[in-house]
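By written order: A, B, C and D. Residues from 1 in each chain.
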Amino acid sequence: MAFPDSLILSADGTGSHPRFALLRRLLRRPSALCGLVLMAAILAMAVLAHPLYPDDPLDMVAAPFLHPGTDAAFPLGSDMLGRDLAAGIFHGARISLLIGVVAALVSLVIGIGIGALSGYYGGRIDAGLMRLTELFQTIPPFLFSLAIVAILQPSIATITGAIGITAWPGLARLVRAEVLKLRHSELVEASISLGASDARIILLHILPNVLAPIVVSASILVASAILSESSLAFLGLGDPNVVSWGGMVGAGREVIRTDWYVATIPGIAILAAVLALNLLGDGLNDALNRKGQRR
Amino acid sequence: MRTLSRRHFLAASSAIALFIRSDKPVWAEDKPQAGGTLSVILQPEPVTLSPTNNMAQPTQTVAGNIFDGLVYYDFDLKPQPCLATSWDLARDGKTVTFHLRHGVKWHDGKPFTSADVKWSLENIWKTIHPRNKALFENVSAVETPDDFTVVLKFSKPSLPIFSVLNGVGAPILPRHLYEGTDILGSPYNNKPVGTGAFVFKEWKRGEYVLLERNPDYWDSGKPYLDRILFRIIPDPAARAAAVEKGEIQYAPFNAIPLRDVERFSQLPNVKIDRRGYDWISPLLYLDFNVENQYLKHQRVRQALAHAIDRNAMARIVWFGFGKPAISPVPSAVATFHDSTVPQYAFDPKKAEALLDEAGFKRGADGTRFAITHDYLPYGDDYRRTAEFIKQALHKIGVEVTIRSQDTAAFIKRIYGDRDFDLSLSWNSAFPDPQIGVVRAYWSGWLGTQTPWTNGSGYRNAEVDGLIQAAAVEGNPEARVADFKRFQQIVLTELPTLPLLEMQFFSVHAANLRDIVSQGDQTYSTLKNAWFDGKAKG
Amino acid sequence: MRRYLRRSLWQIGIVVLGIATINFFLLHLAPGDAAEVMAGESGAATAEYMAALRQQFGIDQPLYLQFLRYVGHLLTLDLGYSFREGMPVAELMRQRLPATLLLMGSSTALAVSLGCVLGFMAARRAGKIADTVISTLALLFYATPVFWVGVMLVMVFSVALDWLPIGGMTSIEAGYRGWALAGDVARHLVLPAVTLGLFYLAIYTRLVRASMLEVYHLDFVRTARAKGVRPWRIATRHVLRNALLPVVTTLGVQLSSILGGAVLVETVFSWPGLGRLAFEALFHRDLALLLGILFCSSLVVVFVNLAVDLIYTLLDPRIELS
Amino acid sequence: MSLLDVKNLSISFATPRGRLAAVRDLSFSLKAGETLALVGESGCGKSLTALALLGLLEPPAVMEGNGIFLEGRNLLTLDEPTLRSLRGSRIAMIFQEPMTALNPVLTVGEQIMEVITEHEGGGRRAARARAVALMEKVRIPDAERRFAEYPHRLSGGLRQRVMIAMALACSPAVLIADEPTTALDVTIQAQILDLIGTLKRENGTAVLFITHDLGLVGQHADRVMVMYAGRVVEERTAADLFADPLHPYTRGLIAARPGLGGSGRRERLMEIPGTVPGLGAMPVGCAFSPRCAFADDLCRSTVPTSIDQAGGRIACHHSEGIHDREPAIRRIGNS
């Protein structure tokens, strides 16, 4: 239903802080609330990993293949080497989130950088950068990160980097389109006529206005990075020195038929994280995006 | 659980042993039935189907059905007649005469003669065959007095050759198809023409290799199977599912996850067999890079050996499919195995004491020193072994960083760049230490960057001397003595820690009979196998 | 139109050359070469043997020569020879391409068609139970690791229920021909296509739903309502048709990612496709083969995007090729 | 007899903080062949009113009232399928932006045809012929060829003619034209309005003409309703209203008008000081009081009721004495 936003705003928050307004709008949607709660739980796991499980989660502390619920000391059971799955899940939350967030950051930096430069300058720079983007879009991204990890050898750094470096083209296009829209806005034209530097205009005037779609993309990027990491681990390209959910799934895949829980429990953790991030992303999208609000 | 029960382990293995023995007498009287298609797991997909230039297991498993050898090996690893009906060894050990079978034809109809053997020896065994080159080095002349006699003249006695004369160990190629061509690049490497019980039909990449019954096979009445279908199934869980469901009736070489085997041993329609791997005698070992600043100390290497509970490793990581190895010459190679070598029982206290003695005391954070570990990227079992070792060494204050990589990178790192500290690998010992064992210790390999040779960087003049002497020793007893001395030295100095004598296994359908009838079965022909009752097909 | 095509072909040329360059040098960064892999797998090797292999593979030559030769061959559409597999790359790919196209085609068809239907239903009932159910399911499909879904489907439909085969593309031993063969392949195709399709189904469902909701707010929908057009007809003729535009765009973008997903699915289901071949080529350092696959997949992607552009002009009369 | 009778219509938005009234207590009737103009600033509720008459309000907007009688049937009591069957056939609407109001991926011909096939069924061929005839009737040149054009290929004026053709396809009793010419330039504007007028006369259609531009109203409307902040403040015949506006707001509007004919510019009525209050910030008394030069305590405390006066209805406490305060108005007009 179309009615002026000013009406709703004046009706809604009389002078309340905009950030809280955003949070309130998020909380109003049950799905976003779900995502927020899930995400909080996962963050709590990451924070509580050390206090709750101070020992190395890779230690073989139990009998192998202890099924969940059979031993109170190991509520989620143990894997084929007798490592505590619960400890792995808690410690894995840290690594998986780290991989997801850092990979997303890498994508964000490249994607925003290329998108902003391309959209702002246009012309040859745009053409060149867009060719580069197309190039990266044409190579199957997962296959590409697979190749990078295989070549540089799997470690948490190469995995993160490889995922990040292949995931940015979509974002670059998005940012470019948004920047293009703003490029000729009055604000930007005015700044140019006032002699502001390009960097200043991009950083101060353009990017803040593109923030909404970027924030939404970021949550999805984190989610898909976590998924990609698990896929790499499934193909045997995980880092055996740290516990990540993807690595745990990869380790459990051989016994998925006999001891399904070894791969399934970390699988569910991944699912929960990806779900949470997507719900949050959807919620943010609705809350930040005026169009979404009109429903 | 680390205090474990050796009892459990023994009980488990003897139970499986019992069950293996129990099936033979019952079936021995049955008369083989002809017909049926046997589906076999082939993992991974072979590179080529020619056994001449690739020693990889999938190639050999397929090629063993297409190519017959001069001999095959029985369960005692004694050579038995195949294409050679008999052979004579001269007293000085320098002349060997093979009498060939009459009436054998290549799959394209051409007769098989002594010229094929002579050509193969000169152009393959002595030149491009990666393993045989050293063994046949001393062949000075090959004579073919007639179509069915081959005489080998040696400059020095070369007894080890009698351990590699089967179809894949010393492959005989059809001279008329290969002569004068680029052997490595020949199209027949991918559509092989042999003399064996099965004829190559089709190789669909990524899917299957299909062999059909050779109707003109010299061993009349055999083979019993109409076709063998080698299927390529990359995912281990899928392989297990296919075997369980009966889509696959034969899965050699640990093709299904070890964990599934336990369960499969309870299933009525599936049987597990550990025989047929005797010829290759696989051994899992840990190379110490003796040039490393810590590992160059013998005491450190011994300490690490004491820190690793190989019983637990066999039981947990390898699900009982393997037993602790005390020597690089496996106990199965009984003639040469020395059971009196120094042993390194699991004893963390002793390990810590040795490290203290060596001057590597625990630091403030409990760590003595940090090293890396590269494991052979052949599957989860190896990775888990590496993880097991990491945790074991962590307990004595040695921090290990595991490095993963693919095969190419692994080989380059270990044998090329020598940029490693610990390295986990396996190799085949074969019935004669000369073939599979000594390569890991002979300093002559150093600097050649040759894979699967001396990984540790070990150099010992006496060991080198023993190895070279045994190679040309005509007296079998003297060879045994050489190898026993060799074992004593390398197990004291410990450049390489033997971990496990691996026990490979095959899984097959219960109604598939005589799937294992030779000591080199898994690299040889399935001509004796048959389906009982309602055969598939 | 002709200008558009010429420009597209020019761009394709640049992109493809870029891919060849990136891949070539990236793969040469990798430690170890094809000879080492073969030596490694064979469990024995001598230096002479490796040298012979290297010479045969042509990897004993300087890097720039190898590169120039590769590019030279590419220009004549010669993809080279895979020494490891012992056959020309083009022939290898010809053997594997149908399986991949079948898998990608059927899973994409499934994802797009069902995704449109589900997204349509969800959008028409936005905020109602049906919408919640569909949206939740879509999110679950999206969030579940693909390979896990695959393995679980095998467990249920192949092992437990025994309805469908575990893997592979045909029952080779049965020796089917003609329609029987097609039926057999179809049976083998179900699980892999569903596994791969579910993830993309989720994407398209969400996309169509969001896109339709957006279109529902546009003025011309209000016009259609004011005209008294029936809701069903508004949804199909006015809203869906416009909402499909982003779907078509996404289709073009997603095509290359689906090949990545194919690696996982082909692994789980022993599907003899290009994804798996690429994966193995990578580990075997089979440069010619890997480059060939990437080259062709990028060609396919580029041409599909060309097709997408054309379809776009059909769907949206405002867009004209220029 | 009146074709459309609206009785005490109110429209409000349901928000988490309660209802916010957007249109209050609107009543009017519309006779055959009559043009009633609804005039007001943007946001005053006129477009909402139009949608309400078509039954197209969507949550959170809700309406209530004593009835909207279209040819005697109360739209408020009809179910959606019946309402749908009336929309487009008995009551039709022309929208403001013909570019966005037309579906970009369908040809204009198809969009006109759709009205006919949806309401009257019949064969496609017959519908097509009628659509072409309609296009000719709204004076689209070369109608046969234009039938297959997409909206973006047509000029703004042609697009609006297409809209009119669509609206008139089933000869509706009531036609709502919501700012039909705002997006067009001045010469086209007059043509379109003349066309609407002609068609109205030919078919006896009642027209509700919604605009913010008083300039157009004088020539094209019989009666005028002036709306401010959701309420009708003055309803008169066009002639009376322009001759002698009685509500201070109307007077302000007329005084601020940049000459007859209007320019269609979007800067609206900047000459009246202050702005239209937001829905959540309505003054207690007369909504116009903060901007009104005559406002006193009564105005600021009590909402004026609508009373019959001077042949129309006016809602102002001081409308009867308005002439005494003339100088004040002039002052506003000149400022």
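The rule we apply is simple: a contact is a pair of C-beta atoms (placed from the backbone, for glycine too) under 8 Å apart; a residue touches a chain by one contact, two chains touch by 3 or more.
None of these values were measured; they are calculated from a predicted model.
C-beta contact counts were set side by side for B-C and A-B; B-C has more. In this assembly, the chain whose C-alpha centre lies farthest from subunit B is D. Separation between the centroids of subunit B and subunit C, computed from CA atoms only, is 39 Å. Subunit A and subunit B have Cα centroids lying 46 Å from one another. Centroids of subunit C and subunit D (each the mean of its C-alpha atoms) stand 54 Å apart. Look at where the CA atoms of subunit B average out and do the same for subunit D: the two points lie 91 Å apart.
Contacts with at least two other chains are made by residues 30-31, 151, 155, 159, 267, 282-283 of subunit C.
Of all residues in subunit D, none touches 2 or more other chains. Along subunit B, residues 237, 241, 405-406, 409 each make contact with two or more other chains. Residues 30-34, 36-50, 52-53, 56, 83-87, 92, 95-96, 99, 151, 154-155, 158-159, 162, 165-170, 172-173, 266-270, 272-273, 276-277, 280, 282-285 of subunit C touch subunit B in their complex.
For subunit C in complex with subunit D, the touching residues are 218-220, 222-231, 233, 237-238, 241-242, 315-318. Residues of subunit B that touch subunit A in their complex: 1-2, 236-237, 240-241, 257, 259-260, 262-263, 316-317, 377, 380, 383-384, 386-388, 390-391, 394, 401-406, 409. Considering their complex, residues 2, 31, 131-132, 134-135, 137-144, 146-148, 150-153, 170, 223, 227, 230-231, 234-235, 249, 253, 256-257, 260, 263-264, 267, 270-272, 274-275, 278-279, 291, 294-295 of subunit A touch subunit C. Touching subunit B in their complex are the following residues of subunit A: 56, 58-60, 62-65, 80-82, 150, 153-155, 236-241, 251, 253-259.
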